[in-house]
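Shared chain: subunit A. Partners: subunit B in the first complex, subunit C in the second.
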Partner chain A sequence: MSGDARRMGREPAILLAPGLFFLLLAFFFPAIQLLIQSFLTVGAEAGRLTMEHYAKIVVDDFYAGVALRTFRLALVITVLCLVIGFPLAVVISRAGKLLRTTLIVLLILPLMTSVVIRTFGWLVILGPGGVLSWSLQQLGLIDRSISLMHTETGIVIAMVQVLLPFLVLTTLGSLGQIPVSLEEASRVMGAGFFRSIRHVTLPLSVPGLASGSLLVFALSISSFITPSLVGGVRLQVMAGSIYQQMTGSFDWGFGAALSVVLLIATLALIIPYMVVTSRAGGKA
Partner chain B sequence: MHQLSVRSVIKRFGDVTVLEDFDLDVAKGEFIALLGPSGCGKSTLLRIMAGLESLDSGAIDIAGRGVTDLAPENRNIALMFQSYALLPHMSALENVRFPLRMRSKLSREEQREKAHKALELVKLDHLADRYPRQMSGGQQQRVALARSIVAEPDLLLLDEPLSNLDAKLREGMQVELKRLHESLGLTTIFVTHDQSEALGLADRVILMNRGRIEQQGTPEEIYRRPRTVFAADFLGGANIVELDVAKSSRSWRGRFADGTEIPVASAPGLEPGKHKFMLRKEAIAFNPDKSMTAIVGTIETQNYLGSQTRSAIRAGGVELVAVTDSEKTVTKQRETRIGWRPEELVPLQM
Partner chain C sequence: MIAATPRWVIAATAIFLVAVGLYMLVPLLVVIASSFSTSAFLVFPPPGLSLRWYGEILGSDAYLNAGWTSLKLAMTTVVLSLALGTPAAIALSRFRFPGRSVIGSVFLSPLILPSLIFAIGLLIVFSRYASGPSFAGLVIGHTVITMPYVIRTVSANLADIDPHLDEAARVMGARWWQRYLLVILPQCRTGMAAGAFFAFNISFDDAVVALFMRAPNVETLPMRIYSTLEFSPDPSVAAVSTVMIVMTMVLVVLLNRVFGLSRIT
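Showing the complex of A and B:
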């Protein structure tokens, strides 16, 4: 009997081991190394303790700007994904089987396309003399050719396209758990279609919206390829600067300091968000 | 004027016709049971009244207003779902206040007060701040009931109101529903497949079968005078016996399969030939007196049920089931005389 009880504790540990091992190796180990490196000098007198890398982030306007831009972009992308994604998820959850499958395939299609092809797609649409510019000119809304390439708007549009599926799919999970009778009941009780969504569907989808938006936020704050390709060198984001420090200037200490700031700032935003939304979701 | 009128409603799901040219008029304050086996169309009819299901043709009027094409939110009705459908993110009080929030122009405080009063009516005001998941099934149902009556709907619809409760709670809730109906006077329609619920609660029972009304009437009419085999069988179960009927001089006589002859009460439409009759299990008595129709039978098995005993008796070449008071039941002998009042043998249509 006691042997069984002991094994009961061991079995979950065995199941957990591969994932935990991988996490230690691929995340905690490099993260700790980065943390150490960010406090060490480089160059001739390498290996001494220093705060110079962190000082540089604060003092140099360029890097403060990069950090600010990164968080602003991530925030805008997350909010846009929520605004576009929730109604889309509601429609998909109520659609018939065929329409539902079609919409989901359309939604995740961009994820199956190479980032390079996708970005050139946006170049054709957003670039100078592109489809967007041409259409607006034809409609008489603008009189000169415009380009959204190498703008923050361009980055946001391209990123929302890629990250929308993450929000929609997690929200669909929550929507699927709401019994149809709840929405029917609210209709019979006098709530119209939109009020029914506001008072019943939306509050009960909070768990899905929360995990989806966390995912979107985390992915956009650390994204690197799409912002570099659409935004270009002038509009750097943090992941891009870190890459440049590590591989271009070989300033590992400064790159490490940027990484640590990114990680801590992300956690500082995400943890309170998780606490608040899980409390709101817990009521459901 | 009728509070609800359903006129020539037809509803099909694909090739299956769920409601066939259905008509129903309900007076203000009536308490109606839609009774029938699953698939008879009773739940679909309820959902059509609520506006949750469309109809293929026909019309629905509620409180003198045509509502056929109105969305559920514009009908001023209440529906209590079988699953209760309480909103899990709201407290009991907020759930009960919801229809007022959506419909009435009362201030927030007045709404809360009214919701509280509705909870008092179902004796649940002490749990106003609890969430549905913190309540038992019976308590959740009371909240759902309070939520259904709080906005004074033109029509109260209840979908299988007692089916999710255990036997003891069900009895209490029956009393409660009857009391609420008597004090509020709301026109109420409820769907059930349980004949004892229908008989115990309703002023009028609508027995449905395959999308049509099989028979309707007061609980007593429908129980004592079923017109068809289906009605007799669905309401409480009964002995259905086939007799060969013939007229001799001025009175009717019926012959059992084995040749035993008994007198049969005259009834309109009764013609010579084979005919089915209903004999309720409780109508059969041991040691019949002179006023009764009597035959000789053989007791095959007996089950003691407490205050009553169920006996399977072979008589007239068929098996009859009798449910009798235990102290009046013959138990020691196999051969016995049984009988019933002549009017208890009810002729049925084929």
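Showing the complex of A and C:
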């Protein structure tokens, strides 16, 4: 009997060990190495401790500008995702089965398509002589071909499409926990459609909206594929600069320092996200 | 009396849904449409229809090699993340032990850290302690980002299933391997299948880890598409992308059949 109990005690450890060991080596160890690299000199006298990489981010106007643009874009993208995503989530949560499935597929299909392909689509739409320019010309709204490539507007349009599903799916989780009877009650008591949404549905979906927007903001500051391809080199964002430092100019110390700044910004957002979601009762 | 929802609200909702639907789908539709173009440039509207770009990619060693690399990478990633993730999910959902919730968050933490930051760390490690990025490095990177999905789907799956069957087997004197082979693993079937679909999809589509872990002679399809887009996109990229979009659609349908899309949210 006692031998049996001991074996049961060992069983979870045996099951967990391979995965934990793997994560330790392949996930946590690289994260620590990144942190160390950001404090090391590179080049002729490599390997000495330094703060120069962090100093460069603050002192260099170019990188201060890149950081500012990154956060400004992320803010605009998050607000737009909220404005489009909240009504969409409300509609999905009340829709019949067919409409609901259609809308969820509409969100999940792009979400599961490679980000390089979605961005490619946006290049064809936003570029000179692209779909957008052609349609506006057909409608007689513009007379010369236009392009939104290499503009912040273009980056925002493409990024909102990429990140909208995250906001909607997160919000849907918390909308699902609101009993329909609450809204019905408010309507029976004489509240109009909008009053019911404003005073019942909206306040109750705040946890979902909050965690969804923190997630969108965090994903937005760390994306580089869409901003680099749509924005080009002139409109660099932090993640794009990091990619360039690591694979182009090989200034790893500086690249690592930029990533640590990005990591800290992300953690500053993700920790409140986790608090919000665990308070909302679990699934994010 | 409940006042009826105003008619204009219903009309506005319909317009809103169509607009959002177009916004989500048009980027994929233009890619599919461009792949059938006769023109060598990505112009809209296409001057004529042809399948020449599909012929082009089937005759291109670069695309075929990239496709083969992506396929091998995704398959290896699936096997590895199932092998590591399934036991962890079983332990987390079937046993009560001290530190369980902390270990659970540790296993899901790769979902939280942006893959960009993880990819840089991995690049540094592989350059310092191995001979630079490699195919094996990509497999390891992809296993880290896909394992949490396996853990989530298998845990969700086990939460729906009666744990007493395993206890019954134990009480009746089943050996540990009999319990796992005949009771527990069959119970995890749907979760493992769903996890495998996710892992395959994520690995096959990933460009972030792949671009940082760029090794000589190892090029995946998303890497190839990215570098083509940076320089000179032509409709052959659209043809490759269309093939990938169709694969994603098949995976979404399978995922819905096996697991139910509503459980993903």
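Definition applied: the second predicted complex is superposed on the first by the 230 of 284 C-alpha atoms of A that agree within 3 Å, B and C clash if a C-alpha of one lies under 4 Å from a C-alpha of the other, contacts with A are read in each partner's own complex, and residues count from 1 in each chain.
We take it that a residue touches a chain if its C-beta (ideal position, glycine included) is under 8 Å from a C-beta of that chain, and two chains touch if they have at least 3 such contacts.
Values in this document were obtained by computation on a predicted structure and should not be read as measured data.
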| item | value |
| --- | --- |
| First (subunit B), second (subunit C), both or neither touched by A:72 | neither |
| Superposed model, subunit A: greater residue contact from subunit B or subunit C | C |
| Which of subunit B and subunit C A:198 touches, first, second, both or neither | neither |
| Touching partner for A:119 - first (subunit B), second (subunit C), both, neither | second |
| Which superposed partner A:188 touches (first subunit B, second subunit C, both, neither) | both |
| Which superposed partner A:179 touches (first subunit B, second subunit C, both, neither) | first |
| Which of subunit B and subunit C A:94 touches, first, second, both or neither | neither |
| Subunit B versus subunit C as contact partner of A:218, first or second or both or neither | second |
| Touching partner for A:48 - first (subunit B), second (subunit C), both, neither | neither |
| Shared contact residues on subunit A - subunit B and subunit C | 184, 187-188, 190, 192 |
| Residues on subunit A engaged by subunit B in the complex (per definition of touch) | 179, 181-182, 184-192, 195-196, 199-200, 203-204, 283-284 |
| Interfacial residue positions of subunit A with respect to subunit C in the complex | 7-9, 11-16, 18-20, 22-23, 26-27, 29-34, 37, 84, 87-88, 91, 100-101, 103-110, 112-125, 127, 129-131, 134, 158, 161, 164, 169, 172-173, 184, 187-188, 190, 192-193, 218-219, 222-225, 229, 239, 242-243, 246-247, 252, 255-256, 259, 262-263, 266, 270, 274 |
| Contact footprint of subunit A on subunit B as seen in their complex | 50-52, 71-73, 75-79, 81, 83, 85, 87-89, 98-99, 102-103, 131, 147, 151 |
| Residues of subunit C defined as touching subunit A within the complex | 2-3, 5-6, 9, 13, 16-17, 20-21, 23-31, 34, 42-45, 83-85, 87-88, 90-92, 95, 97, 103, 106-107, 109-110, 112-114, 116-118, 120-125, 128, 140-141, 143-144, 147, 176, 201, 204-208, 211-212, 214, 222, 225-226, 229-230, 233, 237-238, 241, 244-245, 248-249, 251-252, 256, 261-262, 264-265 |
